[in-house]
Amino acid sequence: MAGKITQLMDESAAKSPWLYHINTGSCNGCDIELVACLTPRYDAERFGFKLAGSPRHADIVVVSGPVTSQSKERLIRTLAQVPEPKCVVSIGSCPRSGNVFKGSYSVEGPLEKYVHVDVSVAGCTPKPEAIMEGLYRAAQILTEKRKAMHK
Amino acid sequence: MMFPFLKKAVLNAFDKPSTEAFPNPEAEGLGKYRGRIVFHEDKCVDCGKCIQVCSPIAITRTEEKVEGGTNITRSFDLTSCTFCGTCQDFCDEGSIELTTDYHMVAEDPKDLIVTGVTFKKDIAGHIVCDTSACIYCGLCMRNCPQSTIKVDRATKTWEINLDNCVKCGICIGKCPKKVLSFSEE
Amino acid sequence: MTIIFTIIKSIFYSLVFPGLLFTAAAGLLLAGIDRKVIARMQKRIGPPIRQPLFDFLKLMGKETIVPRRANRLVFLGAPVVNLISLALIMLFIPVLGFTAFSGSADLIVILYLITISGVALIVGGSSSGSPYAGIGISREMVTMMSYELPFVMILLAVAKKAGGAAGMTFSMDAITAFQRANGSFLFTWSMIPAAIAFLLVIPAEVGMQPFDVAEAETEICEGPLIEYSGAALGLFKLGTAMKMLIMTGLFTALFLGGVSTGMIGLDIILFVIICIVLTVLCMTTVHAVTARLKIEHLFKFFWTFVAGLALVSLVLVWCGL
Amino acid sequence: MIQHFPVLAVMLLFLAAFQVEIFGSKNAQVRNSITFAATTISLLMILALIKPVMIDGQIISYWMGNWSPVGGYAIGIGYEVDALSLFFALLVSATFWLSAVYSFGYMEKDHHLGHYYTLFLMLSASVLGLTLTGDIFNMFVMIEVMTFASVALTAFRNNNEGALEAAFKYLVIGSMGSSFTLTGIALLYGKCHTLNMAQLSSILSGDLSGSTMMALGLIIAGFGIKSYIVPFHTPAADAYTAAPTSISMVFSGMVNKAGVYGMIRVAYIIFRAMDKSALQTILVLFGAVTMFVGVTMALTQHEFKRLLAFHSISQIGYVITAVSLGSALGLTGGLFHAMNHTLFKGLLFLTAGAVLTKTGTTNLDKLGGLSKKMPVTTVCFLVGAGAISGLPPFNGFASKWIMYQAMYTKAVESHNFLYAVVVITALVVSVMTLASFIKVTQAVFFGQLRPEYEDVTEVSMSMKIPMVTMAVLCVFCGVFYNLINRVFLYPASSAALNCVNYIDRMMGEGYAENAGVANIETAPVEFSYWNPIVWLVLFGIIFCAVAIVILKGFADRGPILESNSSTDAKYDTFFSGEQELFSQVGGSDLFWGFKKNWGGYYRIMGALHSGIVTDYTTMAVIGTAIIVLALFVFMR
């Protein structure tokens, strides 16, 4: 019985991934695309995605924007407050490389320096379908992380 | 009316939802979407124009000496690209093409780097101009990717800065009078 | 012999039928239907009906972080107390005629058990030591104060109406019997304002959209629940789902007591169906078309409009109609 | 031997008061031991009286100097202890014993403790004497002693601001109350030529002519002032705040109950006017207004003890409303709530005292997060807060529930919609009480710990014992209230309702018959409605089920993580990413939504509670005038 429930818990980790969105200086292009996923046309909620109000409730942390110096410290602290098993998804090319802002005095380098990015969705504002594909894959990763957690 | 959307909401409950299927076939090949870059390495003449115009410096080029020429690998880092399509517009050879494929999702960033290797024979000589037939129209100056050629219509002078020249051969093609050519030594 | 029988019966009642298991399952079902219907109203496909179950199982699987400033015992005890007090309420609510435990004072006991579950959430939020939670519990308390006035008036009106000759009765059995004898209260015209008022109290008590000022994700990031994660948050979310069943169940008990099929099995299904219809009617449609209120508008709305409705039916009942 | 216990208990306390002044003013050990000995012995004597009076139904009478009645007239001062007065006497001696134990630890840092304990013992003696006496003038004398002892004790800590002013206000309003009572007693004496309550009750036996009506009005107004119902409640708030906490615990525990006892004794037994609906309606209205004003004023307080003071006023409103319903159920509910109020309000004041000694302030805006440093006080506070807001397992719920039942039965029988409004007010006031205690929980015990209170530790044992005993009693009375009802409440309420043997005991057999006093037989009120034990058993069953499911079923659930390393950001409170700095959402303005809607009401209340003595006296006079006028107009 306990095994059955554990297996259920592992599967449901993928079925109800709650998102927490951190904007580290993005131009808001990716932010509106992320929220576009929750609109009736794309409806990410049918897979259980839901925007959570606080990092304590989050499973998938969606980061957009090149990590600016102001937001670096806050990013690290908020990411630490998310309970395991958690995934980090980067939207657009800014988190991965800083995009056109590369080399500017206030950009503190790619996101990879601070946290391991599980899934990255490329595209300068990737299409909502692409974001949903990325989130869906991150949800699958959550199950593996959940299994690894209680091994 | 107190609740303007009440009638609409209740009617919606009985309509078909307007959500599209998730792996949505119709969404492929949308007209003008600039998505994944496809690099036709055979057409590339390594003129270096694309690297110059790429604002996020997403295109990198590495050379590797091989007997009889050099292998130039050009890699387009999609995680750093803004998909503006400028490189596509500036590439006269049409070797860079931004397709409408938007499935650019990867766990490992290396999957999002498009690379291509073009082999470039060594050309012994360098560009020379037969100044007698030259009409100093300046077409070669304007088309040179590295802008090494200086033509002055008034003083009828033509000179070239050889160390900038990458021997791409575009000026030879562009010259209406066919006065430019590689020297033989 | 009968003592053992009653012990087994009470264990079965409190754990399986109207107690923990039934309330949790039916509550999650109601929550799932609620989310699905809201999605359909926004022309979205919406999550599967089992989604709240997945949410609960996922949350049980996650880590529970006890913040440094939180008081561990109260922080982790609050969700359990909240869950148990909600499971207890269901024992006092008759499922279309079948009541697990009924004394002569069920209405007031139900009123106070609902207050206990509210207090558990508030003390839990307060013990987490977060300033957001501080603001959240103050809004939660004002919400409780605002819906308490009409709620009390409705209970008194029902008690007076069901009392009939004997004056008044707070016992659920007597109320159901009276309704079975002279027709459910929903269809007696003097009780209709009270029914409407009760339908407006349900979303506030459960904390649904227009009245979820206490758990406003956009303003104060989930209010009292901000520091909760993992199993503790799962129990609270399960508690909210169960509260949906309890409040709609209370409506059916108070206003649709007369309705009942012969068999107990059919009764349960009919009870759940009525609860689903009520949830869609009073929680989902209101959620789909309204935006969140400010706290003082919420208070004014309940203490003037909804309390007025309840007062109307109380006065009518008082004049013996 | 039992005969002499009541007088001995009172005299012992008075004697101890003066001994403390003589021997104990220098040496703390002597002082504490005298006080402890006196309070303990008097408590034991009163406890010994339970068997004869409560269980066997015997009434103890004692004539001072053996001056028994001569020729049908009672000249001497008689002590008469029936179930009602013993019930209150028990409350008195228990509260004073606990307060004495508490003040040993609490008053250490103060000086002039000799005077403190003298006044304390005189206060306890006078309140005990007041509840045990059978002579109305002796009751007045005891009220005088009580008033002046409490005035002196309010001003005991004259260094903190507001103490002297509070004592002065207390003195003015208190003496107004005593003078109204004295005039009432004088009118009675003029009419009946006797001061013995039993004889008064037989002579008056319900004929309410002009002068007796005036006497009734004045005495009820006098006792109303003593029990701080609304128009007269203002000095109570200042006095409870300024007095040392062990004394404010006694004030809110017993001193305002003395007023309630006086009212019951006068209205039920001497005048037997409580069955008249006019008097009931007047007192129920006063009680309801007290309930509402007390709690709405408490919601906006910024000071812990002042908030508790306003709650005492509102809970006394509950007791007055229930007692003046005139029904046996109402009386039982009222007395039970009076007893519970003494328990949980005393407990709350003790926790306030503990917080005051450890942090030096009771300002809600300057406290926060004490639960980790003072766990016992927090648990006791939560029990007290749960009890006062009437949450089921505690005693507050049991007594409030009986009162609601009584009020609503009264509303239904009398077909008077006013009582339905009173029931609604009572229920809504109960939620507001809960709201204000949630505010205190968040402002004082939970929330974030202020850096300056890092080294706060738990209170000493002598302060912990009374707190824990009261918390245990709160839970005990809540769960086994049937036992409490059978042993204490039923004898007390039936003693108040039929006073035949009260009169016969004092004036000799058969005296009541020829005075035409009917005996109202009351059936014992059995509460089968909800059985807390069943409720707790169900709670236990479901708790074990949930525990098993979580521990066994979800064995592989996520781990519970906790660490107090101050560097790990994972355990910081969420501040939208900011550095975790101190920010306590405290008691200042937690119920903004509620206050905004009641802006007009709070402006009026602000004006009324101006803090000027003359305003308070005008309110007191207006209140008395209303009572007397209402009696004359409606009492026919």
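A, B, C and D are the chain letters, set down in written order, and residue numbers restart from 1 in every chain.
In this text, a contact is a pair of C-beta atoms (placed from the backbone, for glycine too) under 8 Å apart; a residue touches a chain by one contact, two chains touch by 3 or more.
Treat the numbers as computed from the prediction; the structure is a model and nothing was measured.
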item: Farthest chain (mean CA position) relative to chain D; value: B
item: Two chains sharing the most contacts, counting C-beta pairs only; value: C-D
item: Computed distance of Cα centres, chain D from chain A, in Å; value: 58
item: Rounded Å distance, chain A centre to chain B centre (Cα mean); value: 32
item: Centroid distance [mean C-alpha coordinates] between chain C and chain A, Å; value: 35
item: Junction residues of chain B, two or more chains touched; value: 17-19
item: Residue list for chain D, restricted to those that touch at least two other chains; value: 554, 556-558, 561, 570, 572, 574, 576
item: Per-residue multi-chain contacts in chain C, two or more chains; value: 39, 42-46, 60-65, 132, 221, 226-227, 230
item: Touching pairs among all chains present in the structure; value: A-B, A-C, A-D, B-C, C-D
item: In the complex, chain C residues that touch chain A; value: 35, 39, 42-48, 51, 53-55, 57-58, 60-65, 132, 215, 217-218, 221-222, 225-230, 233
item: Residues of chain B defined as touching chain C within the complex; value: 3, 5-6, 9-10, 12-13, 15, 17-19
item: Of chain A, residues touching chain D in the complex; value: 1-2, 5-6, 9, 22, 54-56, 71, 73-78, 80-81, 83-84, 149-150
item: Of all residues in chain D, those that touch chain A in their complex; value: 552-558, 561, 568-570, 572, 574, 576-579
item: Residues of chain D defined as touching chain C within the complex; value: 369, 371-372, 378, 382, 386, 389-392, 397, 401, 404-405, 408-409, 412-413, 417, 420, 423-424, 427-428, 431-432, 434-435, 438-439, 441-442, 446-449, 528-531, 534-535, 537-539, 541-543, 545-546, 550, 554, 556-564, 566, 570-576, 583-586, 590-594, 596-597
